[in-house]
Every structure is written in structure tokens, then in C-alpha cells.
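Quick heads-up: structures coming right below.
Here chain A shows up in two complexes: once beside chain B, once beside chain C.
Presenting the complex of A and B:
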């Protein structure tokens, strides 16, 4: 059985409309193709990063600090995966 | 927060007539207008704004639910309505299923927090399969109002 590795990183929501349906959908679509377990937390609320509806429950306003945690096998590239996910939330979006 | 804080009771449509995505969106916006909203506003401009948002990606969230929405300068606070389609409407939803329960949201240009809270409220309400099923079978406006958290009768 392979060892698990996990990473945790904070990111500030840059979209001027916060984590609304489109960025949440984009994030979840990206997370779903990863072999990792993806969790996103805002304060004491945490969401399954592979579910856009779960992400909407976080009510993450523009400027909110979120924590992304991913967990996967050692063989999977957790560092690149979390970077890509952070980039989605740190993008200002196309709806400014 | 309850959906009744932003859903306009008189604009609820228990039986949508339209059978297309554009048609039901137009019908819901028209219903809000009939209930006294969007005065002195070109309704087509609101329809176009909601359809533009749909072009960026369907708001069909699966489980027969869609949340079409847009910001628009004609409102000073977030308003919404609920419509039910008996036949189901093709919506290019995330799960490919036709949509039966629609929640339309129109929010002011500069109140992203209100929009996020309303989205959360709708998703929270619709998490319960029994609520979605009851909405689909609701006979009238009052039934829908009660199902989304309202009390009493008209």
C-alpha cells in the first residue's frame, strides 16, 4: 500500500464577485480530474473541492482567505495539483 | 437565511408554459415584471443578460434544478422567483437531465455578497431531495412558498 501525501495552502479569492457559480464550477471541474482528495475550507466551514455546490456553501467573498488541502498517493504530484487549484481561485476572472 | 427573503411570492410560477431554456427564462422575468418589478425597464435587456450568462456555462446544477441569474442595474436589491416545469426543459445541465425546478435570481451590480448568500441559500434548500420532489409536484403558489420556507397562506 502506498504512502499518502498531503499539502495545504492558503489562497485569497481574487474574483471581484467572490467564489460564485462559475469559478466554483471551474474549480470543481479541475479538481474532479485529479486523483487527489480535495478539500477547501473557509473559516470553520469545509467543502468537497470536487463539488461546485459544496463550494458555493462556503460563501467566499472577494478577498476571502481559503485553505486548500489535497491528499493523494506519494506517486501523484500533489505540489503541481495544489498550485493549479490555487491559480483558479487567485484568478481575477472574466467578469470584473 | 430563507429563500422567502428574496423570492417574490406573487411571481412564483407553479406551471411554466415554455419548453425551452430561453422561453422559461423569459417567462420568469415576465412574471417578476407582472409582480411589479423592473419598472421602466426594457425586459429584453434583462433576458439578454441572463441568456449571456447561460452562454458562459449552464446554470443547470443537476438533479433537475437550474439557477439562471444575472446582475442588472434595474434592481436595487436581489430578487428572485421560482418556476416549475412539469414537462422538463432541456438546459444542458451538469448531469444532462432536463430541468423541472428553476430559481431565477437578479441582483444589483455591486452586491456580490448578496448574490453569494442567495446562491448558498438556494443550494442549501435544494439539497433535500424531498423538497425538490415536492416542488415538482406543488399544486400552487402557496405550496411552493411553504416549501421554500414561507409560513401561512395568502
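Presenting the complex of A and C:
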């Protein structure tokens, strides 16, 4: 039986338009291919990281602090996965 | 004739018949269905979402092929149609409320949009709202079997689309062959629609305010995408003027002539050689400069090294990015590297340094930021000096406001030189040092700054913004932002005069002003002998230079400097452009 491993990391939204359609899409597309469960929380609101709609509904403005939590079994590379996801939210965007 | 001013989002001139797009939504007749039909409704919903996703992806693909790069907006829509949460929520409405698929989907999307509307003011959700209206429309079209209404061209004539607003999907469908331009009542410079119009190279003006009730399909209209004007029912003189302008701007007819320009030197009719350089953002663009016949790179922006990542670039990453451009340009063509020129808000490693600034454009950015983060700054300077071994490298500091800042930059360079010497690393100890002139204070103090540097480069975009205290992207004040404003001309003249008095110090102009043929006589007349613009514009500038003598240009500059308003200057410069470059207008 494999043990569960989970990681939590905070990230500040860098896109000057906040977590809008394009970063949310990028994030969800990336999260969907991961074997992990991905949750993103903004204050007390939490979203399924694989749903761009859920992510948009967090209404995360530029500068908002989000917590990303991912859960997977021990064999999966949780650290690399969370780093990649953080990078998407920390990116200043291409359409500022 | 009726002239409306909006926000210029995509340059170019379009003349044609107006096609006013219907802005009515889709009418949903069936609201609820019998219980036994609920499974069918859910199947219809799934099917519609899947088809909408497929269509969005294929439109994105077509768009990407058309414009040669990824826009990503319609992919965002596709990912949304496939969203498990979205489908689950709508299915729940069907199950619980016995809604038809259409009504459930529409209700749900409207509820989402209302949540944006209910948020406290302070952030603009216009774009997201437009996205969700678009999602609603596309899925309803699928459910109701409506094929999207193609803007029907009127008997093969070019049309100009006029609408309250265009959704990204609608914009993506516009065919540049039949749709020559568009103008909308709402929308801003950073809206998806504006970005797409720019990418498709369709002249467009947005944010005009209410005008649709004053125009009907079939009216002749002009879209002046460069100046942000919509002209309804133009008089004959205006029409004629724009027909000529359109010919000048038409990239198709000019492309041929551009090739011819590549191998001829930028020399005025009386034999004065002007140096034309390209502005680049990425190393890969260096070849574009050569293809367009530029003498070198006048502005190598280095921000790309810093953004979209969580750590600062290493010295080696800087070095390799500079090497790549030097390799492309060879050992003798100049390459002006501009040090980091963004605000701390734009990249993650520095954003921790400060809390959100109320007024970032007057805050800690560019050289100010670098002088507070010496490690970051020294890393870049080290890489520049090391790369300089391989070519004709010059370094330039942006947003310098006082001479003290410039002196700090230079003493930092001296420290870096010592470090490199001690470490025994190959580098070039002495390279030309320049300062950007883009803050009015720097222009006013140009005589003092001139003693410290080897060249000036006037960054007109910021100089205009800071001089006129107007943000060009703010629709309420964008009209003030104008490079032809007499205040701007006076500052440029001061800079040129200060340089002349200092042993003819080289002055370059980078920024959009030097990329516009209209300004070339003025800039030459003010004494500029070097200009830097986006590579695409180089042939056009070269052509303008070759049509002038220095005496012509000086006369133009003298006359323009005596004028009192930006409008007078613009009108005059356009006249002179027609006079000296008639070939461009035929």
C-alpha cells in the first residue's frame, strides 16, 4: 500500500490582471494532467485546481496570496508538480 | 460627416460600407422540460459543450496559423467548455429545476456574470464578463443549432463592422479579406478584442461610446486605427485624404518596395548618412534587423530575461542572450543593451521588496530598482561587459532622472570592472555608456548629463507620458498623449542642443515616434542622425530619409517648433510628409 504525500505552498498572484482567463486556463490545463489532487485556496475559499471556472471564481486580484495544496501517492513527484503550478501563478503574464 | 474619437487599438486605415452587427441575444423558448426528458437534456448539454470546445480549438488553430503565434483566448474557452465543475453545476440545475439545457446553461452563466458585477469596485471585470457572454452564446448556438452569423459582405465590397462590442470568438471570425476594419462602442486597449485585432492586423477603434444609433448599414465609414477615429459619412475631401493615407499604409503594396530598400543606404538627398537601428526584445529578432537593412540594434530590451520565472536570471543566462545577438550581428554592428526597465511588480524575485505601490509609474522601477538591488544590477552589468568582447556593445540605463543616478551607475560599472579584472575573466573594460532621456527632468538637465555619457537615447513613449502626465491607455486622457505636442518637441530640441554643444554627442531616438515616417523630417531637422525603431518600420523610415535634404528637414523643424498645439503640428507634419514622400502615397 502506498502512503499519501501532500504539499502546501503559498504563491502571490503576479499577473497585473489577477487570476484571469489565461492564467486560470494554463493552471487548469497543467493540473489536469497531474495524477495529484490539486486544491487552490484564497482566504477561506477553495477551488479545484483542475477547473478553470473554479479558479476564476476565487476572484484573486494581483498581489493576492493563494495556497496551493497537492496530494498524491508517495511515488509521484509532488515537489516538482507544485513548483510548476506555483510558477504559473507567479508569472507576470504575457498580456499586461 | 461625423467624427468620433475612441481608443486606437490596431493601426491602419479602413474605408468601406458599415455593417452594423445585431447585438440581440439568443431567445430561449423552452425553459423547463418533463422529468422523463431530463437525461436527454444532459446528453444535449454534453454534446453542445464538446462541439463548442472542438470549434473553439479549431478557430484558435486557424487564428494561430493566420497570425503566426498563439493567442490562447479561445483555448481558454475550450478548456472552460470541458470544465467538470461547469458541467456538474449545470447538470444539477437540469436535475433539480427541470430546466432545459439551454435555460440551465444560460441561467448558470448569467449567475456567474452577476457575481462579477456584485464585486466591490476597484478591478475591471469587463474582459471576463465578455468571455462568459461569449461562452453562453457559443453553447446556445450549439444547442439551438444556430450557425454563427457570418458578417455577410455586401456584394464583395469591403465592410467595416460596427458593434456595441465584439466577443473574442466574433473577432476571431472576422476575415481580414472582407472585414477591413471595426469599431465598437465599448472595450478598452487591453481587451481580448483589441489584442486580437492587433494580431490579425485589422484596423480597429474601440471604446467610442454610444454611436450605433447614428449610423446604419451601408453608410460609408472610415476607421483610422492609428489615431483612434471613426468617421461616418465622410465628405469628399476627407475620403480622398484617407484613400491616399491608406495606400501609404497598405503593407501589401509596400512590401515589394521594402525589399528594394534593404540594400540602399539611409542617406539624405544631400548625402548625409543617417544611422538606422532596430529595436528588439528577443535574441531571435536580431536577424529581422539585418533582413530589413538596419545598421545594428539600437535598443535591446532585456526584460524578457526577468519575467515569467521565480528566480533572477544568472550571469550566464544574460551572457548567452547577449552573445546570441552579437553572433547574429557580427563584430562591428552596434548593439545597444538597455539594462532592466520594468517595475518591481512585474517580476517575482523583486516583488517581495516592496508592498504594492499606489503609483507604479512614478515608483520604484527601471534604474531606480536596479540601484536598490545592486546584486541584480551587477549581475547584468558583468554579463554585458563580458559579452562586449564579441562585438560592438554599448550599455544604456533607462529612466535616469538625476545626474546622481547616472554617476552611481558608472561607479557601479567601475566596481564590476575591478571584480572582473581580479577574477581574471575576459571582458571589455571600456564600452560606450548612454542614458535614456525619457523623464522630463533628464531632458531639462541634458547639458549636465551630457558630461557623463557617450550617447543619449530619447525614449519618446515615456517622455510623452511623463511630460503630458497622461497614460495613453486611459481612455479618458489618451487624447492628451501625443508625440507631436509642442511641449515634447521643445524637450527633444533641448536634448539635441545640449548634445550638439558637447562635441556632437550622439543622440538616438527610440520609441514609436522614430517609427513613424511623419516625424522623420522633424527629427532630422532637430539634429538627429540616428534613429531606432521596430525592424518592420526600417524600410519606411529609410525611404522617408532618402526623400529629404537636411535643409528641408530643418525648415520643417523650425516651422513645427513655432506652433502652439499638437493638432497644428500633426496637420503640418502630414502635409510635409505628402510633399516630400509623394511616392509613398501613390
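Quick note on the criterion: the second predicted complex is superposed on the first by the 96 of 96 C-alpha atoms of A that agree within 3 Å, B and C clash if a C-alpha of one lies under 4 Å from a C-alpha of the other, contacts with A are read in each partner's own complex, and residues count from 1 in each chain.
Everything that follows uses one rule, which is that a contact is a pair of C-beta atoms (placed from the backbone, for glycine too) under 8 Å apart; a residue touches a chain by one contact, two chains touch by 3 or more.
Just so you know, these numbers come straight off a predicted model, no measurement behind them.
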Checklist entry - Looking at the overlay, what does A:48 touch: chain B (first), chain C (second), both, or neither? => result second
Checklist entry - In the superposed arrangement, does A:92 touch chain B (first), chain C (second), both or neither? => result second
Next on the checklist: One more residue to check, A:73. First (chain B), second (chain C), both or neither?
Outcome noted: neither
Next on the checklist: With both complexes superposed on chain A, which partner does A:57 reach: first (chain B), second (chain C), both or neither?
Outcome noted: both
Next on the checklist: On the A-aligned overlay, A:19 touches which partner chain: chain B = first, chain C = second, or both, or neither?
Outcome noted: first
Checklist entry - Which partner, once the models are overlaid, touches more of chain A's residues, chain C or chain B? => result C
Checklist entry - Both chain B and chain C contact which residues of chain A? => result 16-18, 20-22, 25, 52-53, 56-57, 59, 61-62
Next on the checklist: Taking the touch rule as given, give the residues of chain B at its contact with chain A in the complex, in rising order.
Outcome noted: 56-57, 59, 61, 67, 69, 94, 112-113, 115-117, 119-120, 123-124, 127
Next on the checklist: Can you tell me which positions in chain C touch chain A when the two form their complex?
Outcome noted: 72-73, 75-76, 79-80, 83-86, 112, 115-116, 119, 122-123, 127-128, 131, 190, 195, 307-310, 345-348, 351, 356
Next on the checklist: List the residues on chain A that touch chain C in their complex, please.
Outcome noted: 12, 14, 16-18, 20-22, 24-25, 28-29, 48, 50-54, 56-57, 59, 61-63, 86-87, 90-92, 94-96
Checklist entry - Taking the complex as given, what residues does chain A use to touch chain B? => result 16-22, 25, 52-53, 56-57, 59-62
